[in-house]
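Same chain, two partners: chain A is paired with chain B first, then with chain C.
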Partner chain A sequence: MTVMRDTVVKALAKVQVQSDENGLIPEYEVLVNLLPVSLLNTFSERIMAAAPPERKAEVEAGLVRAAYECGYHTGCGIITSEIFSDVVMPMVTEDEKDILRGAYAAFTAWGWAKSGIVQLKEAEKMTIRAFDYYEADSGGQGLRGFMLRGLSQAFFDLAYAEPYPDGMDTYICHQTKGLEVGDSYGEFVVVKK
Partner chain B sequence: MALKLEFTMDKETCRHSLNGHGVVMHSHHYLALITKLVEDLGDLGGPQILCEVVEESMRKILDDYFLKNSLSSVEDRCRAGVEYFSTFGLGKMHIAGDENGGKVRLTSSHVDEGWTMKWGPHSKPINHLTCGFISAIFSAAFNKPLKSYGTTETASIVTGQPESTFVVTALQ
Partner chain C sequence: MTQQSVPTLIQEQPDNSLKGNLSLTNVTNLLQFLSMSSKRGVIELVRYPSNNEGRIYFVGEELVSAQSGVLTGIPGFADLLSWEQGTFHFLPDIACIDKTIGLNVQHAILEAVTLLDHQANEKAINQNSEVEEGGFSMEPTERDSSEVMNSLLEVPGVDAVVVVGRDGFVIESAGSSSRVNIEELGASLAHSINGIEEMGSELNVNNFQDMFIEYGRAVIMCRPVGDAVAAIITPDASKLGVIRHKAKKLFVELGQSF
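Let's turn to the complex of A and B:
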């Protein structure tokens, strides 16, 4: 058996986070927040718009970095969590490959991106396609999948780089297609840095 | 009256919403790095951009909630704002004030505690997100236009204080 995506999506989609008496959400070894999508997209566009042409790459790198570190640390908490162990791990027969399949099912279930792996060469390259992701609505010009770039890089590092927390920045992710530029899906390619 | 929470999920896209507004989970690593990014982009007005975007986004959500739930008193509106802050996992907020402004305390703070967990204490306040959130609550509670209130963080958990405090001033 390998990871049955629909089963995982259904099970994980039911997970709801709830704040404690201090208004905080400690889950997955981190503090979780729940923010309006409109806030995140508008912020990305405003901060990109504020940068002059020669500094746009710096701002873009900062947005991807925020997603990457969030994905790397929270991702480790997710794939070692009780819910992941209960729902995904019983289906894992191909180690890292299946854990990555489970991770993209989680991305889908938690509303980050309706996405999945279309090509995987272990420890070398991974191609992701996303048929819905919230950053596609940001209204900016050009490719805007900063979050999914960071998350994809993070999960490939978790799967194939040195064990957590020593494997950061081993791989890099490039976005090659985007719903936001008129393509029929977003495409993200992870390769060795 | 407790905040009414209606969580929904679009079956096709799996996007999640709270009370009709799209929401998504991230962690303190994300907000700590976004906060650091705007600090580093101070010459481009980074902190102000974050503050204004939060005020605008939260104002829409609060106005919508007040309308749908017929909240007209300042007390009920402030309470709803404070409860939204906690529901989003941003911490525990306490508001005192009137139409002319006020004082707000945080007895716990996602941004400050997240920054401290990631990098340790900092030398100055950095909670630009909450400044925008507070301005949104005040303008929405008193039916004022956006940018009617200025919010300044005067003490901060990230610098080692037991609470964060914010002074809110009506801008005329």
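Let's turn to the complex of A and C:
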């Protein structure tokens, strides 16, 4: 048995999310919120547009970093959460590999990115393919999958680097293809830094 | 016409032979059609452009003998199955004295296809070792998965090709099939392969290598490609032998991407 994506997606899609009086949702040992994707994309594009050409790479790295820090801490909450233990863990037979399969099934179920693992060399390299993600229609020029880059790097760190919270910045994620530049899918490759 | 090297007993008959071109059909289909029609006789083949000659003798559903150049029996038959260009000529009621095969036609086709698979594997291994020894290759650069999948779609009888992760994630698909929903196929295939692999490990018979499922309206054939599984969807089983043979090396190539 390995993690079955459809089983995870069906189970997680049924979960009811209820925000508190501040609009925050207490899930996975952290507080998450529910905001439109366009807000993130508008913010990203405005900050990229405002940056002078020589500092655009720095701004881009900052946007990936924001996603990474969020993904690293929230990701730890997710994979140790009760719901992940109930739904995903019973199907885990290949340890970290299956946990990552479960994580990408969760991304899909929650609408973060319709994505999955294409190739995985344990603790070395992971290739992700995504058919929908936040920045797929961002309107900016060039590859824009900042969020999934950060999340993929974070989850690979959680799976194969030193145990949380000491494993940050062990791996790095590059985007090699993107829906936003006319490719038929987005491709993200995580390798050792 | 050159002299036949397999001795035959020729009875005088009116010209009720069947002739045609291999570009319109293939040896497998032709033989299956004739044998299932309870015919008996010989199919004479000429390959283009080399003008090599071959013969297949059969009686109803029994494949009696086959010859391709100096090759006879299953090796000769396997060679004939790989011919794509040339002509065929079926002469009814011609019997062969030497029985070099003596198998049911379907069984003989499977044996021949298996032999071709082994030959293709050996060739690939030899090519790889030549490349390793030489340190460089004159072969074209590695194709990406989309190109390989498009080549699979060009195999006659293939409706759609899909590559699925072990968790059921549909990594890539090409072609279209009204017979199955690709997303549902991905999930179902992952569940099936899991069960099959568990069975394989409990029986201690090594890893799963091949699976055919024949339904009333579709046949699904799948193989592992790297870490993933590739599936081909075809409307029926009539071209399965040819598909299996032609898809084999493409599956190997596809495995390099996953």
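Keep this in mind: the second predicted complex is superposed on the first by the 188 of 193 C-alpha atoms of A that agree within 3 Å, B and C clash if a C-alpha of one lies under 4 Å from a C-alpha of the other, contacts with A are read in each partner's own complex, and residues count from 1 in each chain.
Everything below uses one rule, namely that a contact is a pair of C-beta atoms (placed from the backbone, for glycine too) under 8 Å apart; a residue touches a chain by one contact, two chains touch by 3 or more.
The structure displayed is predicted, hence computed values, not measured ones.
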First, second, both or neither for A:D95, with chain B first and chain C second: neither
First, second, both or neither for A:E124, with chain B first and chain C second: neither
Partner chain in contact with A:D169 - chain B first, chain C second, else both or neither: neither
Which superposed partner A:S19 touches (first chain B, second chain C, both, neither): first
First, second, both or neither for A:V3, with chain B first and chain C second: second
Which superposed partner A:D86 touches (first chain B, second chain C, both, neither): neither
Partner chain in contact with A:G62 - chain B first, chain C second, else both or neither: first
Which partner reaches more residues of chain A (counting touched residues only), chain B or chain C: B
First, second, both or neither for A:V30, with chain B first and chain C second: first
Touching both chain C and chain B, counted on chain A across the two superposed complexes: none
Residues of chain A touching chain C in the complex: 1-6, 101, 104-105, 116-120, 129, 184
Contact set on chain C toward chain A in their complex: 146, 165-169, 171-172, 187, 190-191, 194, 198, 226-228, 257-258
Contacting residues of chain A [partner chain B, same complex]: 9, 13, 16-17, 19, 21-25, 28, 30-40, 42-43, 46-47, 50-51, 55, 59, 62-63, 65-67, 69-70, 72-74, 108-112, 114, 132, 134
Complex interface listing, chain B residues touching chain A: 7, 9, 12-16, 18, 21-31, 33-34, 37-38, 40-41, 44-46, 49-50, 52-54, 56-58, 60-61, 85-93, 107-108, 110, 113-114, 117
